[in-house]
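So, here come the structures, one by one.
Here chain A shows up in two complexes: once beside chain B, once beside chain C.
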Partner chain A sequence: MMKRALFWAATLIVLAIVIGPLLWIYLTAFKASGDIFTTELKKLIVFAPTLDNFQRLMTDYPYWFNLGNTAIVSVVSTIFVMLVSLPAAYSFARWNTGGGHLLFVTISTRMFPGVVAALPFFIIFRTLGLLDTHVGLILLYIYFNTSFATFLLYGFFRDVPAELEQAAMIDGYGRMEIFRKVVFPLILPGLAVTTVFCLIWSWNEFFYAFLFTRLTARTVNVLISSFWGSIEVQYGPMAAGAGIAILPTLVAAWLMQRYIIRGLTFGAVKG
Partner chain B sequence: MAGVILEKVTKLYGPKIAVQDVSLACKEGEFLSIVGPTGAGKSTILKILAGIESVTSGNVYFDGRRVNDLPPQQRNVSMAFETYNLYPHMRVYDNVAFPLRAPRWNLKLTPEEERRRVAEIARFLGIDELLERLPQHLSGGQKQRVSLARALVRRPAVYLLDEPIAHLDARLKFSTQTLLKEFASKYRSTIIYVTHDYREALGLSDRIAVLRRGSIEQEGTPEEIYNTPATDFVGSLIGEPPMNLIDGEVVTRNGQAFFSAGDNFTIQVRDDLVASMRQAARHAEGRMLTRLGIRCEHVALSRAKLSDNSFQLPVYAIAHEADSSVVTFDLGGCFLYVRSRGETESRDYRLSEKAWLDFDQSHVFFYQATVDVAKV
Partner chain C sequence: MNANRARETLIDPTLSDQALAVVRKPSVWEILTSEKYFKWTLLIPLLLLLLVFMLYPLFYCIYYSFHEWGMQGDALFIGLKNYRQMLHDGSFMEALARTLEVLVICIVAELAIGLGLALLWNREFKGQNIVRGLALLPLLVAPLVLSLLWNFMLEYDFGAVNQILTAVGLGKVYWWSPQFALFTICLITIWQWLPFSIFVLLAGLRSLPRDVFEAAKVDGASGWYTFRRLTLPMLSPLIMIIVVLRTMWLIRLFDPLYGTTRGGVGTELLDWIVYRTAFVYFDVGYGSAMAIFSLFLTIALCAVMFRLLMKSLGVIK
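Moving on to the complex of A and B:
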């Protein structure tokens, strides 16, 4: 009985930590300014819902345009990342290309804090005229995600036994056909997980977007941060903007949760 | 169908020798078994034939054509793996049909033909009930039969079977062995069969090659391998109980050659065997040491003295089998096994009772000692 109570208490605490901020965002998004700043405790949950914040967001700010930028940059960079990482990881896993050194160099790009690369990139991008462009941000995200995706996919490819491919060779299939008919179906969960991770990472990325974009390529995260002004903090539109911006990642994570859990434990429970 | 020739093939993994100077020929339509203990290089030879492994030196010929540099896809072989290697995301049906669908063989089967071919081999191996299942829902023995079906569904130049029935239970093993034999004669297939179980090799093969530490120890028909083992290794590997191997000394008295081991075991060696005995002997501390080999069924056993050359030993243990008994004698350094067929006597030997033994010297061999025969 005691054990049960403890279990539920722990569950509730974890749930509160995870759901609390989300709840705050969605409650605040539907509140009028008066309800946001009141100290009355019951107004935390009980209030007259309004769509004012959303209306202001759409009319006074280029919200959809910036959300579109986020989508373009995330999707395009992820496509390119997968196009490069998939063959790279396969080659690392199957033929140990570069004797391990190349793989290490690839991964090492994620071993320093992002800010280290910011200055050199900024100078290069300024010279090339890539500041505040979609292409510029896409290139940056490709740079950061390729190493991560390659490393993740490398693990999934390693889990496909080489003997399976040898069996397919003996059965009369060429390299490409084997990849398509044997290897690809087996790493599909891993591929899904990697793609979703890359998408979510680019979607959520703030630091580089903040430094490298101003107007044309500004992402939705940067817009949301601008509500935190020097004079006032506009919690209403901020919450409304964030509430919409996090929806795709929530949906993606929810849809893929079966694959994500399976993908992350893929190597551990092979049978 | 094709004949296969290995010519002085050597395979190194780094400094480790997997296969050394192996020359082997398998004629078209022949069933050749490669027998050897774990790690002898049997599977490596199959992988070399399949083209999965390259040779370090030597040549591989299919039908007189050198295929060293041909990739697996171009060799037209099929293979059953000891580890099954079924495609986990395909149903059993698709696993078996997979080789039939490869564009390289240009079979262009209609869906009906394909279904017929798969159903035929599945029925043959008793897996027709499993066709809709995924490999992960099969037992080890079922997976093994699926793997075998995948190897047998096509008509390649050579079939390479790596321990294809090792994980089946005893009854199924026997029936599948019969099926394989039927398959081999029906399609006159060239089959190279790897096993560590000498019974399978004796039962199935036209010819057997015994492999030891990467080299061929003996090659011959099952009868030759069983009845005239070339070395003590072959004798101890083939047969249950293994061939009796007795370490002893060559003694010459009055121009007669004797073999003696321990304190109370000495036999006179037949004249025609003396030459081979001396050849196998080595000199140590002024003595001539050699090793005598004889199969357990060539030792006669009786309560009465059998001949001038027979000798007496106390019974150490008796194991009864359905149609015979194996009586064990302690010879000091090693055990001597004697198979006694059905008759009355062997059943009621008592432990420690002294029995008369006599070697049938037309089945006695002398070997250089190359394996350890300590009591086990």
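Moving on to the complex of A and C:
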């Protein structure tokens, strides 16, 4: 009995520490400025909710426009990443093409510090006029998601038994048909998980977005970051903006519980 | 274009045109999807992408690291001067030391607390799926948003954390003071990534063979002995995975700094100083040299561990 009480006490404390800060975003989003900047303890939780912050966010800043930029860049880059990674991962998984070394080279791009790519691309984008454009940012996101997607898909492809393909081959299927009719349907759940992960990484990305966009292609994270550091710190609109922007990732995290660890470990831990 | 390119490499160049006319009955598409070449056809887009997005920036970074250039005019070749300057640059060395400090603090804390909580939750209990789902939430939230959030929550006067600390009788903490700021950055990072360690280790604990532990129990082994001699060694591949991946990510810590100290009060880390040198002072040459150094540091730290990881996955024999 004592042991159970201790177990639940520890569990609840941990959950409070994990969830508290996330709830705090939403609490702050509905607070008036006076309730945010107060030292009155009870106002941490008890306050008159208001939609002021959301209103200011929509009227004073191009919030929906920036959120739209984030969505466009995430979706388009993810489509291209899939077109590149899906065949590559299949090749690595079925034929071990390149004896594992090529796969290692692919994954090592993920080890590159962001700045190594940022500098040369900043310079060439400046010459080509790609700074502050959707195309520029999409290219960068394709770069940083491809190795991840390839490796994750590689793991899912390895779960498809080769015997199935051999059977299809005996039935006279060509390589393309086998991929389309046999392998592809089996890989669909893995493809969905990988797609969601790529969408989230692009959605959350800040470093490149911050360096490469100013106005026309500015993403929502860059907008939110600009609330801090100006003369007056706009915690209200910041929380409102952040609350909306992280909603899709929270939903995705909840729905994909089973796959989060698998995704974050590049498929190494099945979770 | 891809098809042409592929064909050039696929067909033996020593064959004369005449011979080709006889040999080349199948169409390009048939060759590309043939049993022999299909696996390489599948890789063409990836290889092109790697060429453009990996070799090109790497080459340019190395090139600029031997030059002095301020994004205007011509680059001036100065040999190894940038690299020599780095060794005598106090703020760079400090940033490097700090990065290693953050690396050690975060990884050790995440492993220790993560293991503790994994052991705690390694049982069947009511609502375990809800607990798991809630605990995983921070992992996929944008690090930048979280850094802004924590910056606000750890504010000295209005911050929720200090108000709660005061209420329970502990004093306020000046979280962003020079003595504390780096530690605070670590705390934020640990907070976000702790679930990762917990659930990787939990996955490991769940997959451990039961019979070995039962045998140990029958033999009268103590709990601590079983943990040290059985549990820990069997978890070591997973601990390795955590260490490798966290090293890779922590070396490039940038977002948590941007939302909080912006590299001030003694929190400037490796990626931040490269960013500042290259994109604030426009010292492209020196910035490139730092970036290359940072790349080699990552490779040096990860390469050995990474190969071990690949081996345990069965990718490399």
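Basically, the second predicted complex is superposed on the first by the 252 of 271 C-alpha atoms of A that agree within 3 Å, B and C clash if a C-alpha of one lies under 4 Å from a C-alpha of the other, contacts with A are read in each partner's own complex, and residues count from 1 in each chain.
Just so it is clear, a residue touches a chain if its C-beta (ideal position, glycine included) is under 8 Å from a C-beta of that chain, and two chains touch if they have at least 3 such contacts.
Note that the structure is a prediction, hence the values are computed from the model and not measured.
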Based on the shared chain A superposition, would you classify chain B and chain C as clashing or fitting together? fit
Can you tell me whether chain B or chain C touches more residues on chain A? C
Going by the contact rule set out at the top, does A:G174 touch chain B (first), chain C (second), both, or neither? both
Report for A:W64: first if it touches chain B alone, second if chain C alone, otherwise both or neither. neither
Have a look at where A:W95 lands relative to chain B and chain C in the superposition and call it first, second, both or neither. second
Counting only touches as set out at the top, which of chain B and chain C does A:V182 meet: first, second, both, neither? first
In the combined three-chain superposition, what is the angle centred on chain A between chain B and chain C, taking C-alpha centres, to the nearest 10 degrees? 80
Overlay on chain A, chain C to chain B nearest C-alpha distance, Å: 8
Looking at chain A, which of its residues have contacts with both chain B and chain C? 174, 271
Under the touch definition given earlier, write down the residues of chain A that touch chain B in their complex. 161, 163-164, 166-174, 177, 182, 185-186, 271
In the complex of these two chains, what residues of chain B are touching chain A? 50-52, 71-73, 75, 77-79, 81, 83, 85, 87-89, 98-99, 102-105, 136, 150
Mind listing the chain C positions that touch chain A in their complex? 33-35, 38-43, 45-46, 49-50, 53-54, 56-58, 60-61, 64, 71, 117, 120-121, 125, 129, 131-146, 148-153, 157-158, 160, 163-164, 166-167, 191, 194-196, 199-200, 203-204, 238, 241, 245, 248, 251-252, 254-255, 258-259, 262, 270-271, 274-275, 278-279, 284, 287-288, 290-292, 294-295, 298-299, 302, 306, 309-310, 312-313, 315-317
Of all residues in chain A, which touch chain C in the complex? 7, 10-11, 14-15, 17-19, 21-22, 24-25, 28, 36-39, 41, 44, 83-85, 87-88, 90-91, 94-95, 97-98, 100-106, 108-123, 126, 139, 142-143, 146, 150, 174-176, 200, 203-204, 206-207, 210-211, 221, 224-225, 227-229, 235, 238-239, 242, 245-246, 249-250, 252-254, 257, 260-261, 264-266, 268-271
